[in-house]
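Report on the structure given below.
Think of it as A, B, C and D in the order they're written, each chain with its own count starting at 1.
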Amino acid sequence: MSLIKPTRRGLLKGGAFAGAALAAPTFFTSQANAYTNAPSGGSVTLGFNVPQTGPYADEGGDELRAYELAVEHLNGGGDGGMMNTFSSNALKGNGILGNKVEYVTGDTQTKSDAARASAKSMIEKDGAVMISGGSSSGVAIAVQGLCQEAGVIFMAGLTHSNDTTGKDKKANGFRHFFNGYMSAAALAPVLEKMYGSDRRAYHLTADYTWGWTQQESIQAATEAKGWTTVNNVLTPLATTDFSSYVAPVLNSGADILVLNHYGGNMINSLTAAVQFGLRDKMVNGKQFEIVVPLYSRLMAKGAGENVKGIFGSTNWHWSLQDEGSKAFVKSFGTKYGFPPSQAAHTVYCQTLLYADACERAGTHNPCGVGEALEGFKFSGLGNGDVEYRADDHQCFKDVLVVKGKENPTSEFDVLEVVEVTPRAQVEYAPDHPMFAGGELGKCNPGA
Amino acid sequence: MLGLNKKDSKFLIIVILLTLSTPFVMQPFSEASALSQFNGGYPDLMQRVAIFGIFAIGFNILFGLTGYLSFGHAAFLGVGSYSAVWMFKLLSMNIIPGIVLAVIMSGIFALLIGYVSLRRSGIYFSILTLAFAQMSYNLAYSVLTPITNGETGLQVRPSDVRLLDGANAPDYPNLFGWTMSTSYKWEVWGHLFTFNVGFYVCAFIAICAFYLSLRIFRSPFGLMLRAVKSNQNRMSYTGLNPRPYTLAAFVISGMYAGLAGGLLASMDPLAGAERMQWTVGGEVVVMTILGGAGTLLGPVLGAGAIKYLENIFSKINENILHGWFDFLPEGMENFFVWLFARFTGDGWHLTLGLLFMMVVIFLPGGLMEGADRIRKRFGRKSDDNSPSNPAE
Amino acid sequence: MDQIILQLLNGLDKGSAYALIALGLTLIFGTLGVVNFAHGALFMIGSFCAVTLQKILKISQISIDETKVDFLGNALKVKTPYVEIWFGEATGQMIIDWSVPLAIIFSIPIMLFIGWAMERGLIKHFYNRPHADQILVTFGLAIVMQEIIKQFFGANPIPTPAPDFFKGSFDFGQFIGFEVNKIIYPYWRIIYFIFSAIIISGVFSFLRFTTFGMVVRAGMVDRETVGLLGINIDKRFTIMFGVAASVAGLAGVMYAPINSPNFHMGMDFLVLSFVVVVVGGMGSLPGAVLAGFMLGILESFASMNEIKSILPGIDQIIIYLVAIIILLTRPRGLMGKKGVMED
Amino acid sequence: MGILEVQNVNKSFGGLKALQNVNLSVEEGTIHAIIGPNGAGKSTLLNCFVGKLMPDTGSVLFNGQSLLGKKPYDINQMGVSRVFQTPEIFGDLTVLENVLIPCFAKRDGTFRMHAIETVEDEVDIREKAEKMLIDVDMADNMQMTASSLSRGDKRRLEMAMCLSQDPQLLLLDEPTAGMARADTNNTIGLLARIQERRHITMAIIEHDMHVVFSLAQKISVLAQGTVIVEDLPENIKGHPKVKEAYLGEAAE
């Protein structure tokens, strides 16, 4: 196992530190540098801010593993993973811009407050020049706002809300993960194909921003295919027993149930829906079906057999057979003994993309890095041909439509890929009404 | 000094000196040493310690003096934060209007909630406050999103109105142009000390808050509050109406919470609904009891301890542990890394839980009792001749 | 009409979980006078008894299947549970399938032991301490318990399905004369309700009809006098703590198929169960049960679309709103006694 | 007309009639004892004076003003203080603070925010409290925590607290209950001294005949919720009705 030494403020490690220490005490302000936390002394510090406590701790743990792997690869360790398949050849395995990559970790607790505190400590104490991670949109948007103010780059982790690159987009923030609109755009044609165009859908939606944007997207996309929406019921985030929301569905005249839930909510609502035997019923002369628009394999596992045959979308899945995915699964699986999740994949890509952008820009300056990322087209990272759109810093790539596997061969074999929806089909205009209202602003180097 | 007797004046001066020297106190280790991981002298943590110190000082006025255990003070923290951010959005990025409104709004909320909740006592009161706080949290997270921006939290945007700010006003919270995030760093002998404007604003307000609480503790009003805790029946039959006293204490502590909320938003202009969750209200209970309920300085120590643990322990990952135990043979290194990893990083909650249990079991009076015991042990020689206190 | 009956069933079902937890909490409070914030954690540990048993039953022999490959392209390791090897495939699968009901037997001694250990090791020292100290120490204990579970089982929920036999749902509407599919209700949830009714009546009859129970009840009213009669009430109270822990544990075991267990499910129930207990009146067993069912039913009704369309977000706050209204109109909850926990 | 006039007071709990047409008049400046066997309704009656219980019918007048429906603290502010059967003091506070509180209450009324002034600066109040404690021979214990006092000292402290308010009427609920003979005599001495110096009107509920006949200037005998006799002490001793009430109790 390759070890990276504990992180110090890079600032103090080099010769500048020795000089300052010997000389008389000097005052200087943070404005002395060209940008916040400019690395010096041969190392650069990245901050990985993931949930380590609370309900999303396992996803956070998987993200952390992927970050460790990415750092190892960047520093030239291991088998190089997706660095070998990445279309850009700027990365050489000698760190970033010759600086050895070090990292610090923190706990977001899946609370925007705690996440910001943790990110701040990385920026202020540890001198992190980039923050990445997160497992919910609320946290991602909060930390993105902070990074904009502090003048560091934010490479979002798992965040699916339209708002992250919609009305809350920021010049210093970049999202590789897909979003609610893309989920809907990819899912709707498959659903139409499978279940027909004359369907009546009942939505159960988590009562917070992510749930609303997701529901809005799905409703629009399915109605465009001829479906009608019978009802949309908002469920409190704290709900653990969804029986009272699921029970009325059967008599509402709907023949499809859409669960706009994530994580624990998704597991519990899906379990309740299956328990009520909804999928065994015939309504309007059709088989009753359930749809879970955003799947996470780690979470789907918690629902056990209930996911079988249920459609949803995902950003990436380990069973993909392109070279990039295969290389990533191999190096992750060899190191940890199990395949990576989509959260692990997206943060690994984000770390590589950041490093690559630094190399191409020749600086860690957020403005330079941002410029290098904007409009950057690449492939070989497991999602086909991808582009970081300059207008909103959203990555556009193929989206996977998946369904719960009927006959899993192992405990990781929960989902099967039904269709890889091509990028063109999920793209939208930057001023699409679901994403309107925000402005990117100007990049902030902090100094 | 300032209407305090000699002993209290000395106490206040010590507290002021301690607060002002926080950048040194919390940064004891050299940057190059392996222990620098335990340095906490960076702006955000120092600000948080001061702010949660204010929160706990205020909570102590209610809980420490009257014995009424409120689980709902998080609601006032949240109200304070939302009010402050709305002021930043509507009026000015100067923190003064934000903080003033935060204190006023939380005072109004505390008056309403307190008026209803204080009709009951004991655990019935606790559950009433808890219910109010959870209702506020649930609504702020969902239905009230137009006001609170729900899950994401209320943020300032470049497009905000900000009536009072001119074209050249800073875009970040400031005090008459002095931005809260401005820091001055001082490197000396391998140490790095950070002097942050925001921290000193918090520290100044915290000292004022502490001074006010000191005055309340020493005042007839404080005496009446202690009487409420001791024997409400006797109080009634002594011609005193306990209800307005407790309500006043509730409102004062609610305003302290609002002040803390306003300051949180001033240091970092975002107000999240999580601030209203009962766990945050529980956190301040823990801080107060951990430090020593009813003591003046205890709650501040408790706040410091919890925030330090939260921010420092959660950042110690296995990688860092491997660095520490590098000198050991492979097998032992892995064992120690495994062992320590249970309590740090994603295991920091376990450390927190064990800490509560230890303190409550062995130090019922909180950290202040621990400090007292240590002082007694080391101070025995000099105190041997002095007559012992009959009350003990 | 059918919707109302449906929500009534939901309410009874939710209520039975609330009532069971509140019952255990009240037993502890009524006998020992201790506010146990770790009670939710006991419920959680009950659920994890089911998970553990399932894991034990699934301990497998690993054989290599050369014809298939795993995700890394190596030969697939096939796991065959030992129970399937020992008892034959069909019987073995059936045993695994029935792991949740089996866990009931498995969990009782474990929960009794945990309850006994908790009382003797920790709670005993807190009888004369302020309630705030009791709350804090048991809250600390709850965090420690859930973190330990997290270290062993991870943070994600673990599916623990009910036996196949109970899958599907019962057409209750047809049974009472409605159209087909109007009111259907899952078998397992019906069983949960019946199970909790049995436990609740079991606890009540234990307290009412056995000598042991009568002594305990007398001790709840006046501990000193019972002590003066030469009866070792402390020992009985310790046993009652174990019983209360078992009630919470059983509630947890049976709840595992309804919601996949995770390490923080205890905290989710903690606040709620305290609200239930306080609404019922501290120290009143019938009050706890009554309040549990009442809040369960009200919560279900509040989530009806018809009601949500008039009062949006009412389902977010209904429990707390009801608690506030009840506490303001009935100072000591529904059936509380005077002077209990008022200082 | 007496300082305390009780007219036709009735109080029942469920079916039980605790008080029936009670009439009582306490003369200003006297010590008035209310005696009676257990369960005669003495404590119920006392609770009707201080606002803890509301009589079903009848009136309780203090200086001509009705006490009914008033809160205990308002009644106290009118000049009625009460000493409890088991001393009710502020156990967590020091002895001096225990006496300071009634002094503040006397000066400032039921509620007043003195959040910024310090107790130390309230020289007048402190002097008054200290003087009061010297009066009851507790000057040495001023800085002790009240809960650590002996039972007799607690009782004396409670009396000091009540007296520091200069009440017009002092209600005492079995002031010597559970006391040893020596302590009882001390208490009798204390009460007699107070009466002599301050001429405070007192109403005493008492079991101990020794106390009653040492102190009382007038005695009301309560039995089964009614006042059967109200007379001077010397007339009570041999009164047939009193004998009957007490013997009747013994015979049951």
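Keep in mind that, in the parts below, a residue touches a chain if its C-beta (ideal position, glycine included) is under 8 Å from a C-beta of that chain, and two chains touch if they have at least 3 such contacts.
Source: prediction; values computed, not measured.
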Compared with chain A, which chain's mean CA position is the farthest off? D
Pair joined by the larger number of C-beta contacts - B-D, A-B: A-B
Chain occupying the middle, per Cα centroid: B
Where chain B and chain D are represented by their mean Cα positions, the distance between them in whole Å: 46
As a quick test, compute the distance in whole Å between the mean CA positions of chain A and chain B. 33
Distance in whole angstrom between the CA centres of chain A and chain C is 35
Find the geometric centre of each of chain A and chain D from their Cα atoms only, then give the gap between the two centres in Å, rounded to an integer. 74
The positions of chain C in contact with two or more other chains are 312-313, 316
Going by residue number, chain B touches two or more other chains at 138, 142-143, 349
Would you give the residues of chain D that are in contact with at least 2 other chains, written as numbers and ranges? none
Pairwise, the chains that touch are A-B, A-C, B-C, B-D
Which of the residues in chain A end up touching chain B in this complex? 3-9, 12-13, 17, 20-21, 25-30, 52-53, 57, 60-61, 64, 68, 103-107, 111-114, 116-118, 120-121, 124-125, 136-138, 141-142, 145-146, 149-150, 163, 168, 207-210, 234, 236-238, 439, 441
Touch list for chain B against partner chain A, complex: 31-32, 34, 36-37, 39, 42-45, 48, 138, 141-143, 145, 149-153, 155, 158-159, 172, 181-190, 192, 194, 268, 270, 272, 274-275, 310-311, 314-315, 317, 319-320, 322-324, 326, 345-346, 348-349
Residue positions on chain B within touch of chain C in the complex are 63, 67, 69, 116, 119-124, 127-128, 130-132, 134-135, 138-139, 142-143, 278, 282, 285-286, 289, 293, 342, 347, 349-350, 352-357, 360-361, 364
Could you pull out which chain C residues touch chain B in their complex? 35, 122, 125, 129, 131-133, 135-137, 139-144, 147-148, 151, 271, 274-275, 278, 282, 312-313, 316-317, 319-321, 323-324, 327-328, 331-333, 341-343
Residue numbers of chain D touching chain B in their complex, please. 50, 71-74, 76-77, 81-82, 84, 88-94, 97, 100-102, 104-106, 108-111, 113-122, 143-145, 148, 161, 165
